[in-house]
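Structures are listed in the sections that come next.
The same subunit A turns up in both complexes below, where it pairs with subunit B and then with subunit C.
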Partner chain A sequence: MFKIRKIKDKLSLKIILIIAISFNLLLIVNFILLSVKSEKIFESNSLFSLLLGGNWQPLGGEFGLKYFIAGTLFVTFLSIMLAAPLGILCSIFLAEYAPKKISVLSKSIIDIFAGIPSVVYGIWGVICIVPAVAGVAHKLFGLNITGYSLLSASVVLSIMIFPIITNIVIELIEFVPQELREVSYSLGATRWQTVKHVVIRKIYPGIIAAIILGLSRAFGETMAVMMVAGNVAAMPRNVFDPVYTLSALIANNYGEMMSIPLYDSAVMFVSLVLLVTVVLFNSIARIIIHRIMKNGIK
Partner chain B sequence: MRIAEYEEIFFKVLMWLAFLLMAGTLLFIIGTIALKGIPAMNWDMVTKSAKGGFYLGKEGGVLHAIAGSFCIAGGAGIISIFISVPLVIFLNVYLNKKSVFSSVTRFFMEILTGVPSIVIGTICFTFMMYIGMRASLLGGIIAITILITPVMCRSLDEIASQVPEELMTATFALGSTKYEAGFIVFFRQIVPGIVSSFLLAFGRGIGDAAAVLFTAGFTDNMPSSLFEPVASLSLAIFFQLEMPIEAVRQRAYASALILTFIILIISILSRMIAARYRKFKV
Partner chain C sequence: MIDNGHITIKNLNVYYGKEHALKDVSIAIPDKKITAIIGPSGCGKSTLLKSMNRLVDCMDNVRYTGKIFVDGEDMLDPEVEVIHLRKKMGLLLQKPYPLPMSIFDNIAYGPRIHGIKKKKELTEIVEHYLKEVALWDEVKNRLNSPASMLSIGQQQRLCLARGLAVKPEVILCDEPTSSLDPISSQHIERKFIELKNDYTIILVTHVLRQAKKLADYVIFMYLGELIEHGPAEQLFNDPQHELTKGYIKGVFT
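Right after this comes the complex of A and B.
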């Protein structure tokens, strides 16, 4: 009897260890797989010409990613500019000001919206945002555009990353001990002064981390952006110009990838760029947040 | 003091505006999907699969895509239960709190959650080419498993951390092995958590399009075998919307409504189970 229990215990430990170790290796395996696959592209192209070249002609063997990288950066940056201030204001409101009922209800609604698929956001963008952007451009600037543009993509993306930023910032604000606020109030500070000088100051690095997490989500988002960005590989002159992102490039080229030499290698390289950037951003943000949570706020 | 008061009012108004803007936008999204989707909805959409010329506006529905999505997300969800439950029990029962391995694993979970689904899609696609597999249900299941396992692990780990430590101490004091403590005592405590995090992961899986784009392919047929391509609802929406024919675009709206409805039901269900569990905690 005793023996069977021992054997079960040992066996279970071994099985779990295999699962746990392979789980941890997953990311590394992914990285190696993509690196090996994208190695071929470096035989004929330098890293410099890949990242900064403006020519994307797979048939001619030219794989310059300049416009795609620029498109991704513009979309990511603009969507963060829209989402970060709104997200931070909303989380301060929900954590500090709002009545308990509104705050509890809003938090679960925000969670639900974090789970809505990107195609749904994309279709909403096509129905509402794209015509609206076209209308605004026509009325205010006299431009005749389709509305599939940098601005549309950024608006849709900003709504998608809003829940990520808000959730983390709310969690951080609630982590600030109540006594700190009470000290501030007892010194005669108003609520906003307390928020500004005590709460925000304490969680400042965490807010940056939340923004970085939103940034990395925006960086890799594919379907919604692809549906509204217009997908034209050129440098956008203003926010009403179409852009083409790295993720959309991968998604749009999977069909032809096999028939042209080096094409698959180039697409894998793009994928590697996305993976490395996102993993880097996420690691930085997570380390900052862990540090705050571990050391506590005093 | 007057300036401080004005500042208070100014930021209070600003916060209310930000809140109302976001709340309004979120309602606006659901409203738009419902308003556009309901007129385009009919029974054919959910009871029939695509017939010839479906993408040219002829009759048919998206039942094959709904079934495909459920097969992919369901299969992936079940596999990820078998990965995440042992992993979470390992982290919470077998290892002690300060173990390096557990913090490394938790860190990897968080990083993996953030990996874009298109990257997972290309990686799986490369792997499939390597072993000579073509786009199929199995490929889709593998890709979605990689996508949702970290999500499920994190959610389950959070629920598992609420199991009282005294319970585990008492179990060990009675002389149980780690296996018995983990898979009998601890497991019973997290069963509702497994259900709610499964639903959360399932919801993530069912809505994803980028990861199944390469790996599961697309078809007009009902899913029949693990090695045949399957359709998915999210890709069906994407392809229908790209068609220039109005009747097909209408169907994209209806499909989006179906998908949103499924996601809402799943996430409300998952939340209800989680809330219920919190009430009856030991």
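Right after this comes the complex of A and C.
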């Protein structure tokens, strides 16, 4: 009897271990696969011409990603600039000021926001945001545009990354010991002074990490962005111009790429760029958050 | 006698949700003395202490009735300016909680909040209060390093200095030596004896030895009720109530 139990114990441990390791391996396998597949593109193109070239003409063998990279960066940073202040202020309100009932309710609503499929956000963007942006551009600047633009994509995206930032920052704020607030109050500080000088200061690195996590989500988000960004490979002159992101490029070209030489390799390379960037962003953010939770903050 | 104390508490009741944490407590805390609040854990010592500067406000579902007069002003009056009254009460907690900033900024935090901006003035304040708690020589060369780098004992002295820097009239202490080693505890205890010339000190402690050594006046509490209070000598040598006798003899803790 005892022996069988012992074997079962060892076996279950091994199985769990294998499953855990294989998930990690998946990332590495993915990376290697993409690297191998995108190798061919380097036979005729340098890394420099791929990343900075402005011509995307697969038929002519030109695979310059400049405008796609620029589009991705613009969308990512503009959406973060919209989402980060809102998310941080919202989490301060929910964790520090709001009555418990409101805070619990709001947190579950924010969780739901995080789980809505991105295509739904995309449709919502097409129906609401795109016409609104077109209207604003026309009223304020006299521009006649469709509304499919950098701004629309950023607004939709900022609402998608808002829950990520808010959730993390709430968790960090709740992690700050109550006694630290008591100390600040007892010195005669107001609530806002306490939040500003003590709570925020204590979790400052964590807020940066939350923003980086938001960035990495924004960077790779495909569907919703593709639906509202306009997808024109050119440098946007203002926020009302359309943009084309790397992720949208992959999604839009995946079907037709087989027939043209090097096309598949180029698309694989784009995926590789996305994968590496997102993994890098995420790792940095996770390390920062992990350190805070472990050591407290110095 | 209830009217002439620095802090006078009248019929204070505190409830946490349905739990009745303090039951009709009335007491006058003597001026410029060390008053120890003793009693078994869960008897409401900390609640009584934190009522005095309205830190109980920060807890969920808290409700209170009664009056706490500090210099004739009722702390519990909803109209009162709590922020200004809290400043009169320094606070020292069980563990040191340095603010997430440098040693210098920890001391300067209070004065800065109350409007002192000049670097020179702040420097003087920081030096003065660090000397006051005998920490200056140990930290004068690293005022800009994070306060969390100090040892626990040093941190607790820093916290005391930080509290003193806003010039309180009262120092509220919640078992301030419970996380310290014996030598650091002695530092703090000796400091209290010096400080009672200028401050009213209220000390929650579960160490009877400490209460005997430091206190001029003792309050004994049990399950949210004020059982007995009086001058230390009288209370320790000739307790009137059976519960007090039992607690002092160590029948229950």
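We adopt the following convention: the second predicted complex is superposed on the first by the 295 of 298 C-alpha atoms of A that agree within 3 Å, B and C clash if a C-alpha of one lies under 4 Å from a C-alpha of the other, contacts with A are read in each partner's own complex, and residues count from 1 in each chain.
The criterion applied here is as follows: a residue touches a chain if its C-beta (ideal position, glycine included) is under 8 Å from a C-beta of that chain, and two chains touch if they have at least 3 such contacts.
Being a predicted model, the structure only gives us computed values, none of them experimental.
Mind working out whether A:32 is in touch with subunit B, subunit C, both or neither, as first, second, both or neither?
neither
Touching A:159, do we find subunit B (first), subunit C (second), both, or neither?
Touch partner of A:159: subunit B, not subunit C.
State whether A:127 touches subunit B only (first), subunit C only (second), both chains, or neither.
Once the two structures are laid over each other on A, A:127 reaches subunit B alone.
Looking at subunit A, which partner touches more of its residues: subunit C or subunit B?
So, of the two partners, B touches more residues of subunit A.
Which of the two partners, first being subunit B and second being subunit C, lies in contact with A:182: first, second, both, or neither?
second
First (subunit B), second (subunit C), both or neither: which does A:293 touch?
After superposition on chain A, A:293 lies in contact with neither partner.
Just subunit B (first), just subunit C (second), both, or neither: which does A:197 touch?
second
Would you sort A:90 into first (subunit B), second (subunit C), both or neither based on which partner it touches?
First partner only, subunit B.
Of the partners subunit B and subunit C, which touch A:112 in the superposed model: first, second, both, neither?
After superposing on A, A:112 lies in contact with subunit B but is clear of subunit C.
Overlap the subunit B and subunit C contact sets on subunit A and report the shared residues.
189-190, 193
With touch defined as at the start, can you tell me which subunit C residues reach subunit A in the complex?
It is residues 50, 53, 55, 58, 60, 83-84, 86-87, 89-91, 93, 95, 97, 99-101, 109-110, 113-114, 146, 148-149, 159, 162-163, 166, 172 of subunit C that touch subunit A.
List the residues on subunit B that touch subunit A in their complex, please.
Interface residues on the subunit B side: 4-5, 7-8, 11-12, 14-16, 18-19, 21-23, 25-26, 28-29, 32-33, 36, 83, 86-87, 89-90, 94, 101, 104-105, 107-108, 110-112, 114-123, 125-127, 146, 149, 153, 177-180, 182-183, 200, 203-204, 206-210, 213-214, 234, 237-238, 241, 252-253, 256, 259-260, 263-264, 267-268, 271.
Can you name the residues of subunit A that touch subunit B in the complex?
5-6, 8-9, 12-13, 15-17, 19-20, 23-24, 26-27, 30, 33-34, 37, 85-86, 89-90, 92-94, 97-98, 106, 108-113, 115-124, 126-128, 159, 162, 189-193, 195, 213, 216-217, 219-223, 227, 247, 250-251, 254, 267-268, 271, 274-275, 278-279, 281-283, 286, 290
Provide the residue numbers of subunit A that touch subunit C in the complex, in ascending order.
Against subunit C, subunit A makes touches at 100, 177-190, 193, 197-198, 201-202, 296-298.
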